[in-house]
Amino acid sequence: MASSGPSHKYTALSGPPDFDLRYWRSSVVEEAFIDGLDEQSTEKVMTIKVAINGYGTIGKRVADAVDAQDDMEIIGVTKTRPSFGCDLAVRKGYPLYCTYNDVDKIAAFEPAGYTCHGGLDDLLAVADVVVDCSPGKVGAANKEAYVNAGVKYIFQGGEKHAMAGMSYTSSANHAENMNAAGTRVVSCNTTGLSRTLVPLYEHCGSLKVECTMIRRAADPGDSKKGPINAIKPVLKVPSHHGPDVMTVKPEIDINSMAVAVPTTLMHCHSIVAFLPEGHGLTTQSVLDMWRANPRIIIMNGGETNITTTAEVMEYARDIGRKWGDLHEIFVWEDGVKLDGNTLYYFQAIHQESDVIPENVDAIRALMGTEANWKVSVAKTDAAISAYNGL
Amino acid sequence: MASSGPSHKYTALSGPPDFDLRYWRSSVVEEAFIDGLDEQSTEKVMTIKVAINGYGTIGKRVADAVDAQDDMEIIGVTKTRPSFGCDLAVRKGYPLYCTYNDVDKIAAFEPAGYTCHGGLDDLLAVADVVVDCSPGKVGAANKEAYVNAGVKYIFQGGEKHAMAGMSYTSSANHAENMNAAGTRVVSCNTTGLSRTLVPLYEHCGSLKVECTMIRRAADPGDSKKGPINAIKPVLKVPSHHGPDVMTVKPEIDINSMAVAVPTTLMHCHSIVAFLPEGHGLTTQSVLDMWRANPRIIIMNGGETNITTTAEVMEYARDIGRKWGDLHEIFVWEDGVKLDGNTLYYFQAIHQESDVIPENVDAIRALMGTEANWKVSVAKTDAAISAYNGL
Amino acid sequence: MASSGPSHKYTALSGPPDFDLRYWRSSVVEEAFIDGLDEQSTEKVMTIKVAINGYGTIGKRVADAVDAQDDMEIIGVTKTRPSFGCDLAVRKGYPLYCTYNDVDKIAAFEPAGYTCHGGLDDLLAVADVVVDCSPGKVGAANKEAYVNAGVKYIFQGGEKHAMAGMSYTSSANHAENMNAAGTRVVSCNTTGLSRTLVPLYEHCGSLKVECTMIRRAADPGDSKKGPINAIKPVLKVPSHHGPDVMTVKPEIDINSMAVAVPTTLMHCHSIVAFLPEGHGLTTQSVLDMWRANPRIIIMNGGETNITTTAEVMEYARDIGRKWGDLHEIFVWEDGVKLDGNTLYYFQAIHQESDVIPENVDAIRALMGTEANWKVSVAKTDAAISAYNGL
Amino acid sequence: MASSGPSHKYTALSGPPDFDLRYWRSSVVEEAFIDGLDEQSTEKVMTIKVAINGYGTIGKRVADAVDAQDDMEIIGVTKTRPSFGCDLAVRKGYPLYCTYNDVDKIAAFEPAGYTCHGGLDDLLAVADVVVDCSPGKVGAANKEAYVNAGVKYIFQGGEKHAMAGMSYTSSANHAENMNAAGTRVVSCNTTGLSRTLVPLYEHCGSLKVECTMIRRAADPGDSKKGPINAIKPVLKVPSHHGPDVMTVKPEIDINSMAVAVPTTLMHCHSIVAFLPEGHGLTTQSVLDMWRANPRIIIMNGGETNITTTAEVMEYARDIGRKWGDLHEIFVWEDGVKLDGNTLYYFQAIHQESDVIPENVDAIRALMGTEANWKVSVAKTDAAISAYNGL
């Protein structure tokens, strides 16, 4: 059901291309975009070989998103040791490698019933690009291995911008990342902020933002972390979350505060954006602008009864994407208000998955195979939707 | 990837037939079962026309499970009014009907952009069997409509046994339900208890059980209900949950107590079963017995780090079933202990979905198309697994 | 242990006057304040007769706070019917009245073992002032009864400003409320905002504020309300919370957004205040200003390990105030940052109790017995601390 | 308001001696008990000097409970280092000591503004008995210090029975603990089970019990621990909780299972007790039996709307005990059912405080000053109630 033939439409991830129902409607895109899309099918000449270093929460999702594309393939994924998580890789048919090069650690997989194809260096030897999804902050050590192996590398938002030397989000700086040696796909929060703020900035020419991130304290599959019944402010104010947007779009003047709350589903952003005089926008035209941009879902809470992150996630389960993921940012239509020059809005962020399609786009940027970010986004999203059988 | 050819194995829902990894292994079944499976592919002669009355949490899941089968099809689903939930039906290609026969209510769908094919009676007129997934206790009124329309009917566990006149769970009384006019698929809790207790009873010849149900207080998509920070005992003791097992297997002597707790994911049962003298079982042989029975997943919490319902649900998301559902009962291998004649164990129940495959089997029972419950179960489960693309 | 003799200090509610430990230290107050305090003990000539209409969550707390004062007394409290809550009133020695004037409803108390002294009108006949703590929005009807009875009245923040005609918070507009017929003590959130914003405004002469209220979704004793696992944005943006500050201090230009989260303990405010040029403040001087104002507790999260609302409430339990209440606003010292003209800070609000001392002060304002708000505050707080035995 | 004069009643902790309201009624005790009570006031000749080693969650509560008694006093409490928690001790007037004997560690208190009276050995030198409330399992090392210093010692339930050599709960084995060198006050769960099971056992002569403990996953002041949204079964079955009852009453045949759930307030026990033939009890007589025993509160959930642990804790806050504690076990009257020989009931346990009065009784047992456990209980409870000003 992916975008096929001469279709001049693309779609939010939430639906097939020409889907036009009340709530799952596709978006008509601007002309420039259409041109790019037309060329898309003829340009593919190579299949990019992608390695996943760290097949966990993010790694398993990136692997499937890559697997869904016709211009790239998973050449291997790493696990630190034979464990439960290996089974998923085997079921998916992704070759297993060991995170380490140590022969004993590699040999430990066999007796546990898993075929291990070697250590990290063996995997890098056959890869064009590696997506580093390792937990914690082992990035610096890994970067050296990637550089030595001569493969392009993508880090995740948990690593520092300075280490990677470059950051990425599809809507903000795809062009700057073209043919770079490596980059860092920014965090779920930064990615979400970029989705709505970058088009706003591009319209306005300048933008000042204050936002509060109400963060889920733990992921759904994490039963260790609390709090069970408390609100935990991030006492370093302003927090690092907002300013991280400036690693991909330095022109946006943004600060943030953050709290963690006892929920596992999504982050929620409470955003106040100060637009410059003469912005010429209305609440409605802001909504229209976002609707014309990818990976933003806008729904009316009052009409749909989607009034909390619980119902947003239920909607994501209904859509049928793997793991009940929601790659898009969710904006409540009735929670947006432009009051003079001040824009207030809420958006919900699925922390486990919103960066997944950005990783795919980042691969195309580093490999230099698609210069138009909107073309890459449309291609990525259509393939993921098709992969999930909708 | 469903069961194909002359395979003499069937599988827990969690994997394709000949999957044999460490944690997602299939089960070898007993001989009698194998015979049934061989005949399965040749027996289908008709396609059962299934109506879903109430396309909500349970209805949408039953619809997809029916849609996955090759011997039945969804002939229509009902909604009370044009609303957000209609889109999912449209996307799936299920004909929409109105829950009511009122012409105004039927007419209200068109202006909202949905094609409504008529009222409930119109739907019943073209159906062989209706699965009643309406909320609340409107069963008695509905039953009259079903009987008048001459269609077979299946109620859910929220309705009383007395109203339906018959109850059903695949492992307990499929045979008694053959060709019945209607039945009630018992609740998620009763279905879960039947899965592990019926084989135990059948081995032992008698069984006395005391259990405590630690229930999730609200479903994941429900943001209204509490408590946020409390334990709520069901003060009617013993509770109705355990004794409901006796509607499908009256020989099991069972009582229960129940509490609701602030979680949305799964129920957890804490079970103490008193076996008769001379039962001849060991902890290991009980586990083996359950492994040889369908829709029971047994994993070792210590080995897999699946130590809470959060990790169980994460595992379900990895498996890739729609909505992150887990149709199987989850039993912790290291939480089972047979101490003399007393068997202690925990099991986790995915309240939104464990009854889904039972509804499919119940359709076959009422329609009289498959007398062997294990054959029906194997057919149902293989089709669902294939439908979910694993 | 209350303030005694010629002490020239007053104290935050959290400690006795000359307490000077590391974390529970008292504050030295400004000269004007000292003068007022000196006169305090000689001025009392009457005992104000206070009625509580609605002896529930707020009512029971206001009653005890009034009972603690030497210039007022509880003349009676109302309950709608004989119930569990009556026992607390009896234990406290507060005369019970019926919320209604209906003779049958009044008579219903006796057989249940409670002495009922009459209906609401009987209570109003012996009262000087009534504190309306009735739930929901029955204010308009009640107001008529109060006016007819010729008693002063105080509503709570759940009622609209327009109905009461006047609003109150100790630090903002005590003087304007002197001798008024009635007023409304603003909500817990507005009271909390006033505590920190009013002194800031008074220093700066103008103030613009954007804040996000992260609200507890239900009170600790409420097991009905959810959500269990979701964030619920208040889709009306800007929300009503911030602008309510302008009912007591119209000069502050403030907007707010709000979300509800699954916790019961406290609200948390994430505040961004834009100071005018030439404010002359530093992060440290802002902290000093707040320390010199009453009902603000400032602690360093890093030093005390009080890093979430859970530990704040544990601290409140240690302090020993009834119900584990915290009348003060809690500000994290290490969560305050003045960055140029922009001030960022977090504060936590105990929604069940922060308005309690304000109700006592409001009684003095309406009765015209104390014109200096700081004198009233010091008197109120010292009496409450003494009442709680610290 | 403590027991005064020749009163022949004693009271549950929840109320003053001759309090007789609907829900806060006192209990009439049996004759033997009355005799003991009469002697109580004349027997006191010494004041027991009590040291608290570890002034934390349990330590601070035990200290206040001891401080409330007229036959014992707090001679000192220990902290590991100068910290926030020291202030509470200073406010209370409890002499501060260092947990260690190291001079540098002792010296560190002074510069932080606290007077430290020495190390642990200095404290032991002036104590008759030490209550060990240190966290973790440092008991063995501490025991040696206590024995060497020649002081009696009381450990908490976190330590093993074997280490202490003796266990204690007031209703089960006060007599066996008379004049012992040391003992272990059993855990909150075991204490709670003893309260209701011991009288049942003593009536029946034999008792077999299966119970499920639904445990709060973290204390209210603990924001670190999860799970946020999961049920965590204790996979070791049967769990250690139930059998621990046998350290104080070996004749009770008991097993248990346990789960942790995302709440902070209370544990809830779901209990099935199998009574021997000829027990002669009814649901009502069981309730009467418990009402005649101390530290059990029985309320009807339907009548009082106390239907979850949230409302139980709210009731505790209303009662006015420090920290909102509930020393009593809470049994729902309408959640008790004797069905033939099988007794079903729920009880809620305030994990932070139910063992506190037992520690006081244990001091009297070890010091040999009161041989009648009911006399000690009545004395302990009346003093605590008075201390809390009710």
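Chains: A, B, C and D, in written order; residue numbering restarts at 1 for each.
The rule is simple: a contact is a pair of C-beta atoms (placed from the backbone, for glycine too) under 8 Å apart; a residue touches a chain by one contact, two chains touch by 3 or more.
Only a predicted model underlies this, so the values are computations on that prediction, with no experimental measurement involved.
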B-D against C-D, pair bridged by the larger set of C-beta contacts: B-D
Reference chain B; chain at largest CA-centroid distance: C
Interchain centroid distance [CA atoms averaged], chain B/chain D, Å: 45
Chain centre separation (chain B, chain C; CA means) in Å: 52
Between chain C and chain D, centroid-to-centroid distance (C-alpha), Å: 35
Of all residues in chain B, the ones touching two or more other chains: 220, 222-223, 227-230, 232, 262-264, 307-308, 310-311
Interfacial residue positions of chain D with respect to chain C in the complex: 15, 19, 21-24, 60, 84, 86-88, 90-91, 112-114, 220-223, 228-229, 264, 303-308, 310-311, 313-314, 317-318, 320, 322-324, 389-390
Footprint of chain A on chain D - complex, ascending: 217-218, 220, 222-230, 232, 262-264
Chain A-touching residues of chain C, taken from the complex the two chains share: 210, 212, 214, 216, 227, 229-233, 235-238, 255, 257, 259, 261-266, 268, 270, 272, 301-302, 307-311, 332, 334-337, 339, 342, 344-346, 348
